[in-house]
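In the two complexes below, subunit A is the common chain; its partner is subunit B in one and subunit C in the other.
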Partner chain A sequence: MVTEISKLLEPFAPREEGNAVWVREPLEEAPRIWQELRELGYDYLAAISGVDWPNRGVIELVYHLWSLQEKSFVHLKVEVPRDQPRLPSACHIWGGSAAVNEREVHEMFGVEFQDNPDLSPLFLEDWEGPPPFRKDFDWRAYVREKYYCEDREEDRGYYKG
Partner chain B sequence: MAITRAETYVIPFGPAHPGSGNFRVWLTVDGERVIEARADPGFLHRGFEKLMEYRTLLQASVLTDRIAVFEPLNWNLVFALAAEKLQGIEVPERAKYIRVLLAELTRIQSHLLWFGAAGIAMGFDTVFKVALTYREEILRVFEEATGGRVYPTGYIRPGGVRWDLPEGFLERAEGVLRHIEYHLSDLNDLFFENPSFVARTKGLAVLSPEEGIRLGASGPALRASGVPYDVRADDPYLVYDRLEFQVITRREGDALARFLVGRDEVLESVKIGIQAIRDMPEGEHAVKVGPFAKVKEGEAYVHIEAARGDAGCYIVGTGGRTPYRVKFRGPSFTLLIPVLEHLLQGVEIADVPVVYWSLNHCPADMDR
Partner chain C sequence: MNTATEEQRTHKAAKRLIRALWVFNWFNSCGFTELLPVVASRFDMERFGMIVVGSPRHADVLFVAGYQTFKSAKYLRRIYEQMPDPKFVVALGSCPFSGGMYWDSYNTIKHLDEYIPVDLYIPGCPPRPEAIFHAVGLVMEMIEGKRKGGRSGD
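Up next, the complex of A and B:
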């Protein structure tokens, strides 16, 4: 790990693993750290992964940041509360790649990104249910209700267990 | 851009356009010129990431086939690598070489299909037939190794590969590689150096390196803009650090450069494939991974160079029988949404399919 990066991430107890660093940052610090990492060469936002943790009451977002110069990853985690999932957008730092990844996380996990100009639906059409990648979305119940009928002989298998 | 004049109107490109695949982009046009493009994905959204939360690692491995029609084995590979990293499985040497050989064959057939499909979209029908004739040879080799021509049903799986290669396979695979290496130049006259092709692609839809990085482009589309980002070289996995190959880049950043990078990459892949065949060690093809193996607590992120760019897999386990969360980074996700929307601004309607196909995308791995 390059010294400036270790200095930047040290307070948050990073875990090093080969050419990757895993670190969890507090929500308030996120925009500052994003900006500094971008200036240190982490210019390629590979993806943003959402992970729902209902037992801890948070949605965890993992920013997979790749440095084309250093050829290394920083996997930056930030947690937002499940009942009010909101955080600043990273569009102004990583551009279109951040915008579209945030749009996907918004659709699948219901996370609000402040200042992201476009959080319109991406993959789902006419979707009115809860964000489908959250753990408490019961897709089996949804499919039963939406597409099958318990009284129909051929559908009965879907209602067992 | 707001629609202010009566002459601007909105037309769809796809999802039923012969050159579009399962994808639509809304074009706001002023006469013949596109002034704004808006991608409309989702026609192939199957929710694999969610489905895998309900499946064991080996079951999920079979599902990964379907992430991209063009290159199922590469998606098998990225999932297998992520699962192995999480589980702490060390794969036998022979399996690594088999994986490299199949990954490169996959890249070649994917690129050939790319050229063929681009040919169809641009009116070069012969290119489609020629490219698919050579792709067919690879599909036959795949059938021999995996049992499936296109879909290998999880041949590259956590722990190694499903079964060892059949007898005489390496000689036949080398024959196919040499044959394609020799005949790739057939496509030069028909396609890459054909004056009408060059006239349509040269200087069209230039992607600057800075924009490419900001918009998350990868693969041939980014390398054609002069950014030498290739996961095989920058973050080597399997045995790529022991193999010799060149990262192909060009500076122009236009549609022509993207196709030419693709063409030259096929030859590099042939080189890698032949080295993998030459160095292939004897030994086991896999370590046992039980069908009900518990997914360890922890997380792993792995990325590989798929034919169309940086393909990633993030996997989280909590000690259950199934992964807690699986996330895929499809290279086409950023190629087809921000990059395409950016590149289509200002082109003629007739050039839309050309720009679209020059990106080497696959709608399936965008939607997942």
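Up next, the complex of A and C:
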């Protein structure tokens, strides 16, 4: 690990695995760490993945950062409360890649990104249900109600099983 | 020389069409993996006068390969409406008629004929190239008028 990164991430107990570093950061520190990592050469935000933890009442977002010069990864975990999922946008740091990934997380998990100029649906146009990647979304009931009808001939196979 | 009825004229036009089916491919899933050898040199559909065209405005046959989400079905509908008559729609794979392996997915459509008229379904996951050629033969029969298409208006 490069010394500057280790100095930056030391307070958050990073875990090293090969050329990747996993860190859990507090929500209020997140924008500062993003900015500093960007300046240290982590210029590619590969993905933002989300994990829903209903028991703990949080949604965990994992920012996968890649330094193309160092050929090393930093995976930043940040948790937002489930009932009011809101965090600052990273658009001004990573540009379009952050904007698109935030749009996806917004529609799939219902997380709101402040200062993201465009949070319109990316895949789920005309979606009416709750955010589908949340674990309390009953997709079986949703599909049964939205797509299938018991009286219809071609849907008979669905009700048999 | 305008004695030919509308039906005869259509039939004449259709006979010309039968020698050169122009195909527009609308693929966003695995159905296209078996359409590739049909298009390319292995099976080579150009031997039968079929070519892939870049615009639906030139196409006679629309191949719909695989499952459609709501977003892609919207564009599919637009493409279908741009095609000039007579036009035929062939749906490839299990997904368009039953949802296939996405039968309980929250965002894929389950019966394609609820969104656009479909003339022919080719079952299979994905269908073999031979099945696609068989379907094309059936489409040619539909053009000749020997077989009825699945479209509700016909």
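One rule holds in what follows: the second predicted complex is superposed on the first by the 149 of 161 C-alpha atoms of A that agree within 3 Å, B and C clash if a C-alpha of one lies under 4 Å from a C-alpha of the other, contacts with A are read in each partner's own complex, and residues count from 1 in each chain.
Methods note: contacts are C-beta pairs under 8 Å (C-beta built on N, C-alpha and C of every residue); 3 or more make two chains touch, one makes a residue touch a chain.
The model shown is predicted, which means the values in this text are computed figures rather than measured ones.
Contact with subunit C, but none with subunit B, is seen for A:143 once the two complexes are overlaid on the shared chain.
In the superposition on chain A, contact is made by A:43 with subunit B only, not with subunit C. One of subunit B and subunit C touches more residues of subunit A, and that partner is B.
Of the two partner chains placed by the overlay, neither subunit B nor subunit C lies in contact with A:159.
Of the two partner chains placed by superposition, subunit B and subunit C are both touched by A:125. Overlap of the subunit B and subunit C contact sets on subunit A: residues 123-125, 132, 139. The touching residues of subunit C, counted against subunit A in their complex, run 69-71, 74, 97-99, 103-107, 109-111.
Residue ranges of subunit A in contact with subunit B, taken from their complex: 19-20, 22, 43-47, 49-52, 62, 64, 66, 68, 71, 73, 75, 94-97, 99-101, 104, 122-125, 132-133, 139.
Those residues of subunit B lying in contact with subunit A across their complex are 41-42, 45, 47, 49-50, 213-216, 227, 229, 234-235, 299, 301, 303, 310, 312, 314, 316, 324-325, 327, 329, 333-334, 337-339, 341-342, 367.
By the touch criterion given at the top, residues 123-127, 129, 132, 139-140, 142-143, 146-148, 154, 157-158 of subunit A touch subunit C in their complex.
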